[in-house]
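The following pair of complexes shares a single chain, chain A, combined with chain B in the former and chain C in the latter.
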Partner chain A sequence: MARMKFLCDAERCIECQACVTACKNEHEVPWGVNRRRVIVMNDGRPGEKSVSVACMHCTDAPCAAVCPVDCFYTTADGIVLHDKDLCIGCGYCFYACPFGAPQYPQQTAFGVRGKMDKCTFCAGGPEEAHSRAELTKYGTNRVEEGKLPLCAEMCSTKALLAGDGDIVADIFRKRVMTRGGRPQTWGWQAAYGQDA
Partner chain B sequence: MRSQSEVARSAFRWRAMLWSMLAIIALAMALPSVGYLVANAAQVYGPDRDFTEERATNPRSDMWRDARVGQGGFTTQTGPYITNTMISNIGENYRQLREGPIKTWGGWFLVLVIVAIALFAAINGRSRLEEGRSGMTVERWKTYERILHWFTAISFIVLTITGLSLLFGRTVLIPMFGHTGFATYAQFAMNLHNALGPFFAVGVILMIVLWAKHNIPNKTDIQWFRQGGGIIGSKHPSAGKLNGGEKLWFWLGVFAMGLIVIISGFIMLFPNLGFQTREVMAWSQIFHAIVALIWIGFFFGHAYIGTLGTEGAFEGMAHGRVDTNWAKQHHDLWYEEVIASGEKPISEEELRRQKRPAPTGGEAPGH
Partner chain C sequence: MPIKSSVALASVLGMFLLSGCGAPDVTMYEPGVYKGKQDAAASEEAAAAREGPLRERAQTSFTDR
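For the complex of A and B:
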């Protein structure tokens, strides 16, 4: 079984925002909700670097641990998904997530947020694959079709890698060996544990 | 028997051993500093050899280190839940505190409080009216005070049930009702908790404002605590309108814990105000949960003493009037004040007659 992971190669990311646009368009994500975002460090200064951040599909996901209604589940591929029918919009997963991945359609008085929305690794949700309900709640299900997440698939510099963790790590290792320098597996320790 | 010289020799041996030990400890600390005598101290630790200043750090390492500890970058995406930090470390702390100590210790704390109250009730029994009822009553709580008390009390109980459901529901209620059933209830419970919270807060603040004057601590309270509120010794300690225990419940429970729960709740309830970072929200959650759990534990004690624990106490908050014997036994100083102020105790029969309007002479026509 594959263990799906994301890795963003900061040496290659050019901050073109194509991953963000691809995600929004593919899943028809509403305004104000961003499943993926690009963060630029040292913006406009020498040594500027950017990375694309979304749900990392953690091994021991903090969002799943704090959820009061236990609406998260991990698929056989290691993808962390949630059930919007159970979600009560309490916001706990947003406080627990290291990556700021959980999003909500509203932020109003009396803590009304609506159902949580986050990156699904293009793997839909608990509804029947390709059903109308799955499309409206979670977006398309590319994994079921044997495809990988669209953000990584259409990354122009192949900075954003998605897929089986071993293969992703191997590609990145070969890159580092070829170009020199140090590896920067950003976020992997936080998401996949100490030995990642 | 040992001779005189033998005793002296043994004492000397002990003293010698003690001094040797002290000398070893002192020398172990002093000898390594001899290095300063050989090398110039300024050369070893002087500014030209200062490692932290001399060694410039790698800017690339610094950047990634900053990113790991939650320093923000720049992002073009906008939305209420968009953050410019890559890794926020509060999340794991929040998760571990909530899923660890708060749930485990908090849960056992509440169980322990209930067990302790049950044991106390089983051993000590009910605090009886020593001289029985007198049948005469004096006013203890005015109508508006009782409305305030019961409004706040009922809100407190509803907030307790809904709040504990959100904290322990996953452990306790999901195995009983299943995921779908519990999620439906949890959605309702959360909305109720959020909607009722502000009204409860108004009740608590009104209580603080209106009842602070009854709760000013004085010397009587010290004696009251020394006698454990009447548990230690046979004589019941003196008390004014409110005794030491009630004052403790007021200042610790209603005032301190109430304000912490209200402020942390307010922070969580209005995320639209925009000042709440994830750190602020997570810590508010943690404080809200810990303090509320302690408050609920205190509340169990308050509820027991006010109802089953003390004969004659409940009617004071239920109907506003208490039996004079109860007042003399539990709040003697207050009773003296009431009588001195000129209030006349009214008998229960008189009260019943006042409540029911007198029959208007004979039966109504048509019957």
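For the complex of A and C:
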């Protein structure tokens, strides 16, 4: 069985923010919510690196572990999704997530910040595939159409990889062997642990 | 005194009858178990069905040309 993963090749990311724009456009994500963002490390200094970050769809997802209403579930191929009808917007998942993936439409107090929103790996949610409800709550369902997340598919430098972990790791391994240097699978240890 | 014992008897009987009220199918909270709507796409069959196309898509999308 495939295990879906994201991997951002920090050597290739040029901080163009196209993945962020593509995600927002594809899923009609409202203002203030960023399912994906580009983080710059050592900004303006030698060795500056950029990494595109979203929900990593962790193996043992901490967001699911702390959710008081148990609205998270994991698909058979490892995509972590949630039911917005159950979410109470408590924010526990935001504090538990090592990647800051959960987002809220309002920056207010407990109970009024709205339903949590996060990357769905372009796999929609627990509504009928391609229905109006799914589009409104979770965005488009590309995985159901045999497509991979748009952020990765349209990445101009192919820095952002998505798909079966074996294929992603194989592509990255070949790159590292070609260019030399140390492999930096940013976030993989935190997200996938032993599975990384 | 007879009145008090009859009241006590009625109370006991009333409590016994009330204990039989209520729904028999009480839902117990199961921590850590997903409570939302079932997603057909989350099943192993659905994942197996999309595995091939997604694998092919990744091979064509991310390898350097």
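The rule is short, and it goes like this: the second predicted complex is superposed on the first by the 191 of 196 C-alpha atoms of A that agree within 3 Å, B and C clash if a C-alpha of one lies under 4 Å from a C-alpha of the other, contacts with A are read in each partner's own complex, and residues count from 1 in each chain.
In the analysis below, contacts are C-beta pairs under 8 Å (C-beta built on N, C-alpha and C of every residue); 3 or more make two chains touch, one makes a residue touch a chain.
Computed from a predicted structure; not experimentally measured.
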Partner chain in contact with A:A152 - chain B first, chain C second, else both or neither: second
Partner chain(s) touched by A:D70 [first = chain B, second = chain C, both, neither]: both
Partner chain(s) touched by A:H130 [first = chain B, second = chain C, both, neither]: neither
Touched partner set for A:Q17, first chain B, second chain C, both or neither: first
Touching partner for A:R173 - first (chain B), second (chain C), both, neither: neither
Greater chain A contact set [chain C / chain B]: B
Touched partner set for A:D164, first chain B, second chain C, both or neither: second
First (chain B), second (chain C), both or neither touched by A:L81: second
Chain B and chain C footprints on chain A, overlapping residues: 65, 69-71, 83, 85-86
Interfacial residue positions of chain A with respect to chain C in the complex: 1-2, 4, 64-65, 69-77, 81-83, 85-86, 123-127, 129, 141, 143-144, 146-148, 152-153, 158, 161-164, 167-168, 171, 175
For the chain C and chain A complex, residues of the former touching the latter: 31-44, 46-48, 50-51, 53-55, 57-59, 61-64
In the complex, chain A residues that touch chain B: 17, 20, 31-34, 37-43, 47, 49-51, 53, 62, 65-71, 83, 85-92, 94-100, 102-104, 106-113, 184, 186-187, 190
Footprint of chain A on chain B - complex, ascending: 59-60, 63-64, 66-68, 73-92, 94-95, 98-99, 166-167, 169-170, 174, 179-180, 182-183, 186-187, 190, 194-195, 268-272, 278, 281-282, 285
